[in-house]
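We call the chains A, B, C and D, going by the order they appear; numbering starts again at 1 in every chain.
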Amino acid sequence: MTRKIHDLADAVVRRQLGRRDFIRRAGQMGIGAGAALYALNHAQSIAMAQNFDWQSHSGTSIKLLLNQHPYADAMIANLETFKAMTGIDVTYDVFPEDVYFDKVTAELSSGSTEYDVFMTGAYQTWQYGPAGWLVDLNEFIQDSAHTGPEYDWEDILPSLRASTAWSGVPGEALGGDGAKQWAIPWGFELNSIAYNRRVFDEHGLEPPTDMAELMETAAKITRDVDGMYGIGVRGSRSWATIHPGFLSGYSNFGERDFTMENGQLMAAMNTEGSKAFHRDWVQMIKESGPRDWSTYTWYQVGTDLGAGASGMIYDADILGYFMNGEGNAEAGNLAYAAFAPNPEAEAPTPNVWIWSLGMSNFSQRKDAGWLFMQWASSTDHALFGAREMDFVNPVRQSVWDDEAFQNRIAESYPGYLEQYQASAPGSRIYFTPQPLFFNLTTEWASSMQQMVGDQIPVDEGLDQLAESVNRQLRQAGL
Amino acid sequence: MATEAMTGAATNGAKRPLMRKVLPYLLSLPALLVCIGILIPFGTAAWYSMQRYNLAFPMTRGFIWFDNYIMLFQDPSFWHTVRVSLLYTFFTVGVQLLLGLGIALLLQRRTLFNNIMSILLLLPLMIAPAIASLMWRLMTNPNFGVLSYIVGLFGFTDFRWASAPSTALFTVVMIDTWVYTPFMMVLLLAGLRALPRQPFEAAELDGVPQSFVFFRITLPMLTPYIITAALFRMLESIQQFDIIYAMTQGGPGNTLMVFQVTAYLERYQYTNVGRSAAILMVLWVITFILSNIFIKQWLRLREKARGVA
Amino acid sequence: MTYLSLTAVSKRFKDDVVLDKASLAIDRGETVVVFGPSGCGKTVLLRLIAGINEPDEGRIHIAGNEVTFLEPEQRNIGMAFQNFALYPHMTAFDNIASPLKARGMKGTEIARRVEEVGELLKIGHVLHHLPKALSNGQKQRTSLGRALAANPRLLLLDDPLRNVDAKLRYEMRIELPRVLKAFQTTVIYVTQDYKEAMALGDRVAVLMGGGFKQIDHPSEIYKDPDSLDVARLFGDPTVNVVDGRIADGAVELLGLRFPLPGHLDPGPCRVALRPESIEVTLDETAAGSMPVDVGDEGRHGLAVELDAVTPLNVRAVMLLKTADGKELLATCSEDEATRLPRGHKNVTAHIRAADLLFFDQAGARLRPRPN
Amino acid sequence: MQRQTSLGRVVRVGLLTMVGLFFLFPIFWVFLMSFQTNQEILRIPPSLFFEPTLHNYQVLFSGRLETQTGTLEVRFMQNLMNSVILATSSVALSLVLGIPAAYAFARFKFRLGEDIAFTLLSFRFAPPLLVLLPLAIYFQQLGLINTYTGLIWVYQLITLPLILWIVRGYFEDISEDIEHAYRIDGNGWFKTFWKIAIPLAKPGIAAATLLSFIFAWNNFVFALILASADKQPVTVGALAFVTASGIQYGQIAASIVLSVTPTLALALYAQRYLVEGLSLGAVKG
């Protein structure tokens, strides 16, 4: 019987057998889940250790700083595997998202040695990197002494690899020459439309295909459907208001946040095209957005969709994914659609948010930390997360190609995969990297709040915004 | 403990015992020492405020004297912050003072009901503002919010609470009032109940009208309490962070960008340590001046009260 | 045999000089009443002796040992406060037991002693009450009991009868000497009631203007004050003061001439006469403003107008007005008062020459030297 | 004191009802929410009628929250414990430091006394963020980061000035002669302080303890910046119910109910002292 379970585990290692199936079959053989998992870990360790010395830092202990997020949950669920494979002990602190980045900033800026590896977004690395708080991971990725042959860095979607690498020169393209790999992409979200199919069907609505339709459909829902408003988008006084649906649509019209003039960054929010898009966006919120839009972050946007308070959202695709699950009034009623607001655009241009893993420059166990990052962003773990947990959207092409994953998504979230496939090619970070990112996007959001609140006309507001942004760029010496 | 040392030191009655002179210092020193530890970071922060110091630009760090302050003073949004903070403080302290005084007067008599009521009214104070605000956001949500529903019954079907510029200040002042009026109430209630009875009994015998009694006897005698309560509330109000940050993060627009919210964003989101420190130093100076005025008044009144007694 | 001595003790609070080189010596077993107007520093004096405050200058000795800066708990004294200062969170029993406990006495002995003191002070039935349940009189007795319980070598009583009602005050005035005798302790008693001072003190020390103006037996102080101020402090109604002039072995005042019993330097002086030294007779013939000389038994008659008669307990106080408008107070028994006419009447005031007290212009006593 | 006319009575009852509604209705509503599922809470329009469930409390006590995105580990009980540890120790330390100092300021006139008192109070003026900037770095160097000790120290900023101010006022209201009498009885300074001054100041101490406990309990930002996840109080912990699959309002409501319980118990216990204890030495009756 011991023999049998080991064969079974090897099958998992060779990816001939899913983990869940493995546990089920082990159960049929009368082996408890604990013992089975142990066998599995053992098999995996042996398999990976054949080509690479995973045990090189056995006995070390590292600590992670994690955001409370399904990705972290998926990793924690699989963490025993890593511990067994490497002999490294891993502890972790999970903080709620509301305060997570403040906590990260506080830790890094005080030079804390507490945490070795932490979750971060790509935008944050534009601050953390130049501040000297992050390790350039190229030195690990490119070094075979540190990175096993199975890691397959190239398998990670190229746009994501590029989006987490930057030279540190304001305005210089992400992933360009001399770019430092400040973080490893882990999971990501792109922005598209999720809608309440039940309501759409009842009222004979179709998912919108351009901005005019979006506004029209949203207005119709607000007018016709009792107790429901048309379109959920974020609106809080924060950078987070700019980066999802808004910037995706904005970019679809070819608008930019900054331009380079004579080697200087210049605000580009007050072009005619930008003003036109802003006018539409503001009008849409006023007509058919949430009434308390200016306090909306992703969770209000999501909650409203799940509870049937909004007809659709233009936000992160996985938000619609999560809201389709049980515990929500509209569970099972949601559908997804890729969205290109510009009728002349060839394809959607979703801005992306990338949950990534970064390494603290103050870490005293960097090598062990890298082993963890390597494992956590490995195909093995990504497959486990994608098949059995909510580790979506995966960053590896091989995982998107995995049939088990595809079947699972197609089954429970019809349309999600199609939405992804339509959105993915044009998806990347559309912001211009620069260290005043949070400062200036927050001001952008604040400015938009004033427009929606009728404190200032759109055009005038954008001119003022551009002026203020330029002034701050000069003050910072950019 | 200290007793042994003292008696031992003073057996010679012809010598002034050192202990008597030293004792008050010995008693107050531990508290002071513990707090002095906090003074060191305070000094460091003051030092930061005179530097160009943005964590994301480590290369540009340098000492720039008062440039951070000068930049602030030239920035209209900073003066907006000053204005909003003072307005917020004025409204919260004012409303809570009136409301707290009113409730204290209602609960003045020492009955079991009044005592229980005064404890129950403390409940809002016991819920951390940071969490309470989550609940307020839900309750003022236009779809699911019970408060939106209730004001809707009165015809305000489109009341937008914290999300509209025109009502945002009202909303956060209301929440602040909900949280902190109990604090005001309990201090003033204590004051009311500690007032000597004779003047009131005399006034009642003479048939003096109640309004006269209130303005000419109750209020003046209550002033020291009012000052103390207002002082503590003022200190917290002008430094308000939890409620505003949780409700609107300073929005909509710049409507509620008070000192600490501005400084927090500068520090933890924009990593601009120098500017953040400068903003907070200005806040500190304002707080210091206001408290000094309050405390001077309080000491003066206390001296007066003691002189009479 | 001096038991407690204060030598040139000074105390000031900021710019306010309360005691200025005050000296006092008290014998063992003696009861000395410190008497003076309110605010004269009586309480401060007690607090210096008790060790609550320390003097700026001067020395304090008890039984020959210097205690100037000794802590209160090391002085073995008892003190009763004007406001009683009972421990509100302890029963009367525990209040009285407190000094005994502090001296390490055993529980059973404490109980016996407290019962004893309670019986003596007639509060045995309320010993288990908290102070707030006691009447003012009972509080006062508890406070006294606490001060006495440990048989202190020195007992300080700070106006203990001030805050009790009149009836109690009279009772205690009679009872206190008995209690104090029972304890045979040295007592300093502070009061601003001259009758209390007269009734309780073996000696009275008059404290005024930062120092002791006179220390003497009560009757002596009354009869033979050292200064006009002291004379004014004692007596109810207070002493009459008139201007006089000394010349040729006699003193002239109110238009009368009194031979002096001894020699005094000639010149202006002030003369004090006690109300009881003036006797009033109905003497119609003396109508008019001329002084009448009624013989040589030392009484001089003066024609005055009787303006008012006010009964005061068993005596009556009379307000007299001389021809030139000077007002005098005199007393007589109530019986006599009933015989006096109502309304403005002309009567004769007889002044007992032997009772005249002479002072210089500054108020210092002038004592005639034997010829 | 005031004569009660029947009209006055009606007005009084009316006013009290309005006050009660304003201050207690939100709490009542939160209490109801703690027995509802998220779906019931998020109804349009909100409703008073629901099927009560203990699920929210079960989640808090068991520490496991099943969501469609998997099982979340809920550390609420640990957070609650941290709050208890932090608030209790901070207040206890403040009492140990503050009561003697308050006594010194109330009883002795000494050189610099008022200045020291003012300095201590002025810690209340310092904006917490101002101190937090560099404090994190110093704590890092001193090894106080992520420790209860460090947090309790910083919490003194909240608790100490309040205790000092209130207790000082109360000491000033106690007749000094009572203490003098006790010393003359033959007791040393310390025993007098312990047996007379402190017992008599009990109402003041109780009131100050309660208020400073509440303010320490409600603090949010100190622990967040200065400590790791295992030392976070409920104020930070409750944010964990903002999850990827929506805000778990029911559990937030339940955590509010649970987190209020210790403070409310303390308040009810100290009820009779609370109001009497805040006389602040301002008026001598």
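Here, a contact is a pair of C-beta atoms (placed from the backbone, for glycine too) under 8 Å apart; a residue touches a chain by one contact, two chains touch by 3 or more.
What you see is a predicted model, and the numbers here were worked out from it, not measured in a lab.
Trainee: Would you pick out the chains that touch chain C and also touch chain D?
Mentor: B
Trainee: Please identify the chain with the largest separation between its CA centroid and the CA centroid of chain C.
Mentor: Relative to chain C, the chain with the farthest C-alpha centre is A.
Trainee: Which chains share more C-beta contacts than any other pair?
Mentor: B-D
Trainee: Using the average of all C-alpha atoms in each chain as its centre, how far is it in Å between chain A and chain D?
Mentor: Roughly 39 Å separates the two chain centres.
Trainee: Rounded to a whole Å, what is the gap between the Cα centroids of chain A and chain C?
Mentor: So the centre of chain A lies 95 Å away from the centre of chain C.
Trainee: Whole-Å distance, chain B centre to chain C centre, using C-alpha means?
Mentor: 56
Trainee: I'd like the Å distance between the centres of chain B and chain D, where a centre is the mean of that chain's Cα atoms.
Mentor: Computed value for the inter-centroid distance: 15 Å.
Trainee: Two-or-more-chain contact residues of chain C, please, as numbers and ranges.
Mentor: Those would be 71, 73.
Trainee: Mind pulling the chain B residues that touch 2 or more other chains?
Mentor: Touching at least two other chains: 6-7, 143-144, 273.
Trainee: Two or more other chains in contact with one residue: find those residues in chain D.
Mentor: 42, 44-45, 188-189, 239, 242, 247
Trainee: If you go through all the chains, which pairs of them touch?
Mentor: A-B, A-D, B-C, B-D, C-D
Trainee: What residues of chain A sit close enough to touch chain D in their complex?
Mentor: 68-70, 73-74, 76-77, 93-99, 102-103, 106, 109-114, 227, 299, 302-303, 306-309, 322-323, 325-329, 331, 389-390
Trainee: If you look only at chain D, which of its residues touch chain A in the complex?
Mentor: By the definition above, chain D touches chain A via 38-39, 42, 44-45, 67-73, 136-137, 139-140, 145-146, 224-225, 228-230, 232, 236, 239-240, 242-247.
Trainee: Inside the complex, what are the residues of chain D that reach chain B?
Mentor: That would be residues 1-3, 12, 15-16, 19-20, 22-24, 26-27, 29-30, 41-46, 93, 97-98, 100-101, 103-105, 107-108, 110, 113-114, 116-135, 138, 153-154, 156-157, 160, 162, 164-165, 169, 188-191, 207, 211, 214, 217-221, 234-235, 238-239, 242, 247, 249, 252-253, 255-256, 259-260, 263-264, 267-268, 271-272, 274-285 of chain D.
Trainee: Would you tell me which residues of chain B are touching chain A in their complex?
Mentor: Touching chain A from chain B are residues 54-58, 60, 71, 137, 140-144, 158, 160-165, 247-254, 265, 268-273.
Trainee: Flag every residue of chain B that touches chain C in the complex, lowest number first.
Mentor: Touching chain C from chain B are residues 6-7, 10-17, 20.
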